[in-house]
Amino acid sequence: MVFLTRRATFSAAHYYWNEAWSAEKNEQVFGRCSNRNGHGHNYTLEVTVAGEPDAQTGFVVDLKWLKDAIEREVLSAWDHRHFNLEVPEFAAAIPTTENIAIAAWKRLEPAVRAAKGAKLTAIRVYETPEIFAEYRGEA
Amino acid sequence: MVFLTRRATFSAAHYYWNEAWSAEKNEQVFGRCSNRNGHGHNYTLEVTVAGEPDAQTGFVVDLKWLKDAIEREVLSAWDHRHFNLEVPEFAAAIPTTENIAIAAWKRLEPAVRAAKGAKLTAIRVYETPEIFAEYRGEA
Amino acid sequence: MVFLTRRATFSAAHYYWNEAWSAEKNEQVFGRCSNRNGHGHNYTLEVTVAGEPDAQTGFVVDLKWLKDAIEREVLSAWDHRHFNLEVPEFAAAIPTTENIAIAAWKRLEPAVRAAKGAKLTAIRVYETPEIFAEYRGEA
Amino acid sequence: MVFLTRRATFSAAHYYWNEAWSAEKNEQVFGRCSNRNGHGHNYTLEVTVAGEPDAQTGFVVDLKWLKDAIEREVLSAWDHRHFNLEVPEFAAAIPTTENIAIAAWKRLEPAVRAAKGAKLTAIRVYETPEIFAEYRGEA
Amino acid sequence: MVFLTRRATFSAAHYYWNEAWSAEKNEQVFGRCSNRNGHGHNYTLEVTVAGEPDAQTGFVVDLKWLKDAIEREVLSAWDHRHFNLEVPEFAAAIPTTENIAIAAWKRLEPAVRAAKGAKLTAIRVYETPEIFAEYRGEA
Amino acid sequence: MVFLTRRATFSAAHYYWNEAWSAEKNEQVFGRCSNRNGHGHNYTLEVTVAGEPDAQTGFVVDLKWLKDAIEREVLSAWDHRHFNLEVPEFAAAIPTTENIAIAAWKRLEPAVRAAKGAKLTAIRVYETPEIFAEYRGEA
C-alpha cells in the first residue's frame, strides 16, 4: 500500500464568533479572530489517498483526476470565498482549521470512494505555515 | 553599505471593487476577487533598510527596534483586519499587492528616517508565494 | 479526532561529546559536531495534540494557549541557549535531535494533560530542513 | 522509540509509457507525461528509520552513515539519470512517484537492517512540492 | 514605480553537450550533466514587470493576463518537454540556467511590451532551490 | 549580462558582546544575544556572480567551481564553528548578519576575480528565514 498526496491552495476569509455568546465573551475567547469584518488566509490543503499502485499505470489514483476532484468538490466552493458568509458547512459551525479539515473530508471522501474505490486516509489543512490540522476520518 | 531585511507576516481580508464601475465591469475586470464578501491571505512583508554597520554594535539598525516599528506602524493596523473596511489607505484605493507595498512604505519610511537616520530602500509584499510586489520609493 | 499542530522556532548552540570517551573517539564518532567551541542551529519544533473539536469553539485546544505553553515550558529554557552548558536535560545526555525531541515531550506532555485534558501525540524537531526526529511517547 | 528522518534530493528524467498500449491510449491516460523525449524533476527523498537512541551517542542511527547509505544505495544509481532508460527497476514498471517510493524502500531496507539493526519505517518521495508518495513497507 | 512578480513552475529534461567537443571533453567539463539520456528539474520562473499602478485598478499589469502570457509564450513550449530535443532555442545553445533565463526574456519581452506598454525588468529561473540565474535585459 | 547565484548552508554559533562595554550595557543593547554561552543558527549564504554566458559552455561560471570555492574560502572556516571563538574576522568585530555578509565578500571576491575574471556582485546571508543581510561591495 502506498500513500499518495496531492497539495492544493486556496484563499478565503473567516472570523470566529459564537452566536450563543456575548460580544465580550467572543472577544475574550477568540481575541483578534473575533473581528467580524473578517480576515483571511492562504490555506494549503493536502489530500492523501492509499492503495496499491495499478499494474498498468503505476498509479494509486490518477493525479489529474484527484486534482480535478479537489477543484470540483472543495475549491469551487471555498476559494476566494468567505467561510462564515458563503460556505454552508459554516452557517453554524466555527471555521477553525480543525473544522475545515473535517469539512474537506466530508466533501472528498464520497467522491474518492465512488469514483476510484480508493481510500481517503488523511486531510491536512494549513491555515499558515505555523498551524495545521489533520483529520483521518476516525472518531 | 549593507542592505538588511526583516520579514514579518500578517493575515488580512480584502476584495477588489471600483465604486465608479458597474457590477458587471467589476466582475469582468476583477473576476473572483470582486466577491464583496471578501477573501483573504497570509501576507509576507519584507522591509529592507540600508546603511553602514555601526562600529560598536555591528548593526545597520537594531533588528529588535525594526521588528517593533513594523508591529507599531503596520501590523497593529493591518493584521487580522479587512483592508477595504478598516484600513484608511484603502477607503478609496484598491488593496492590490502593489498598493499595499506603497502603503507600507508610507507608514514605515518616516519612522525609519526619524528614529535611526537609516534609509528605507525597499518594501516587498507577498500576497501568496507566487505573487509579490516591491516598492523602492521611486516615481 | 483531529490532530492539531503548532510550529515554533528557536536558536541554540550545542556540540556532541561523550565524557566517557577519549578525545580521539569523540572526534571519530561525532566528526565536526565534536568541536567543543560549539556550533548551532535554527530549530523548528512541531507540537501535535489530538482531540475532538469543542462544540462551542471549534478548537481541539486554544492555539494561543498552546503557543504560550510552548513558550513557557520549552522556549524560555532553550531559545538563545547552549544545550550542553545551560539546559539541565543535557548535563549528561547528548543533545542530538532525537534526545531533544524526547526532552520537549517530557516538558510539554504534563502541561498539555493537566491544563486541557488533551492528548499530546507527537513532537517533531527539525535541526535543519534536512534532518528531523519525531517522538510519539511510545517505548 | 524515535523516528529519525534524513532528506536528500536528486534530479532525474522520466516519462510514462505502457508498452502494451497503443500510442493513443498512452496519450489519453498519461497526457503530457507520455512525451517520450522525457521531462524531469528535482525529487526529494525522505528516509525515516526508527529505534531507541543509543545511550552512548544519542543516535538512533549515525546520520553520516545514513546519508552515505542513501548516496550509495539510491542516489548513485538515480541522480542525473533517466528512470526509463537507465534504472533497472523501471525497465518494465512505470516510474510514477508511487513506484519510485517502493523502489527506494527495496534499495534501502536491506542496507539499514544489515548494518544497523535499525528499522526502516517510511520512504517519502516528492516529485514536486505538490505531489508526494509514501511507502511504509506494508502490503 | 512598483515591481510586480509572478512565479510559475514547469518540469523539463535537459543535458549539457557541446557538439564541437569530444565525448571526453564533454564529460570533463560537464560531469554528470553530460549524460545524454538526460535528467530533469522542476524549474521555477519568476517574471518581474515594472510600472505605475493604474488608478482605476491598482494594477501594474493584470496578473491574470500575465499568468496567461507566461503560459502561452513559455510554458506551452517548455513544460514537460526536453530542452535539447524539442525547444528551438536550444538546438544549438546549451540549456544552462543562464541561457534559459535569456530565452524566457526573449519570449516574454515583446508580449509584455506590445500588450501592456509595461516594462519587463527581470526574469529569474531557479533550476533547483540552490541555483538560480537572473537576466535583466542588459548587455 | 546574467546574474548567477549559488546557495549554500552552514551551521555556526555566536554571541554579541562589545568588550568596551559593561555587562549591563551589553545586555541592554544585545538582549538574549549577549548570552556568552553562545547560541547558533543554520545560516544560508547566497553568492551572486555576473557575466556573459560563455559561448562554449553556456556558463557565467562553472557552478561546480563556484560550489568548491564557497566550500574552500568560506565553509571550511565557518561551518560547525563558533564565530567569536574561532573565526579570525570576528576576533574584534561582532558577528552580526551584516558583518558576516561583508566577511564572506572579502573571502570570496579575490578568488572569483583571480580564477574566473567574473564579477562578484552580491553576498546575501540569512541568519533565519526572517532576517537577512546583503552586501554588494559598495561603500
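A, B, C, D, E and F are the chain letters, set down in written order, and residue numbers restart from 1 in every chain.
Heads up, the rule we're going with is that contacts are C-beta pairs under 8 Å (C-beta built on N, C-alpha and C of every residue); 3 or more make two chains touch, one makes a residue touch a chain.
From a predicted model like this one, the values you see are computed outputs, not experimental measurements.
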Among the chains here, which has the CA centroid at the largest distance from chain A's centroid? F
Check the residue numbers that chain B and chain E use where they touch, and answer same if over half are used by both copies, otherwise different. different
How big is the gap, in whole Å, between where the Cα atoms of chain A centre and where those of chain C centre? 28
Centroid from C-alpha atoms only, then distance chain B to chain D, rounded to Å. What do you get? 42
Going by residue number, chain B touches two or more other chains at 129
So, with touch as defined above, which chain pairs make the list? A-B, A-C, A-D, B-E, B-F, C-D, C-F, D-E, E-F
Given the complex, residues on chain B that touch chain A span 9, 11-14, 32-33, 35, 37-42, 79-82, 85-86, 128-129
Residues of chain C touching chain D in their complex? 16, 18, 20-21, 29-31, 93-99, 101-102, 129-136, 138-139
Give every residue of chain D touching chain C within the complex, in rising order. 1-8, 53, 56-60, 62-64
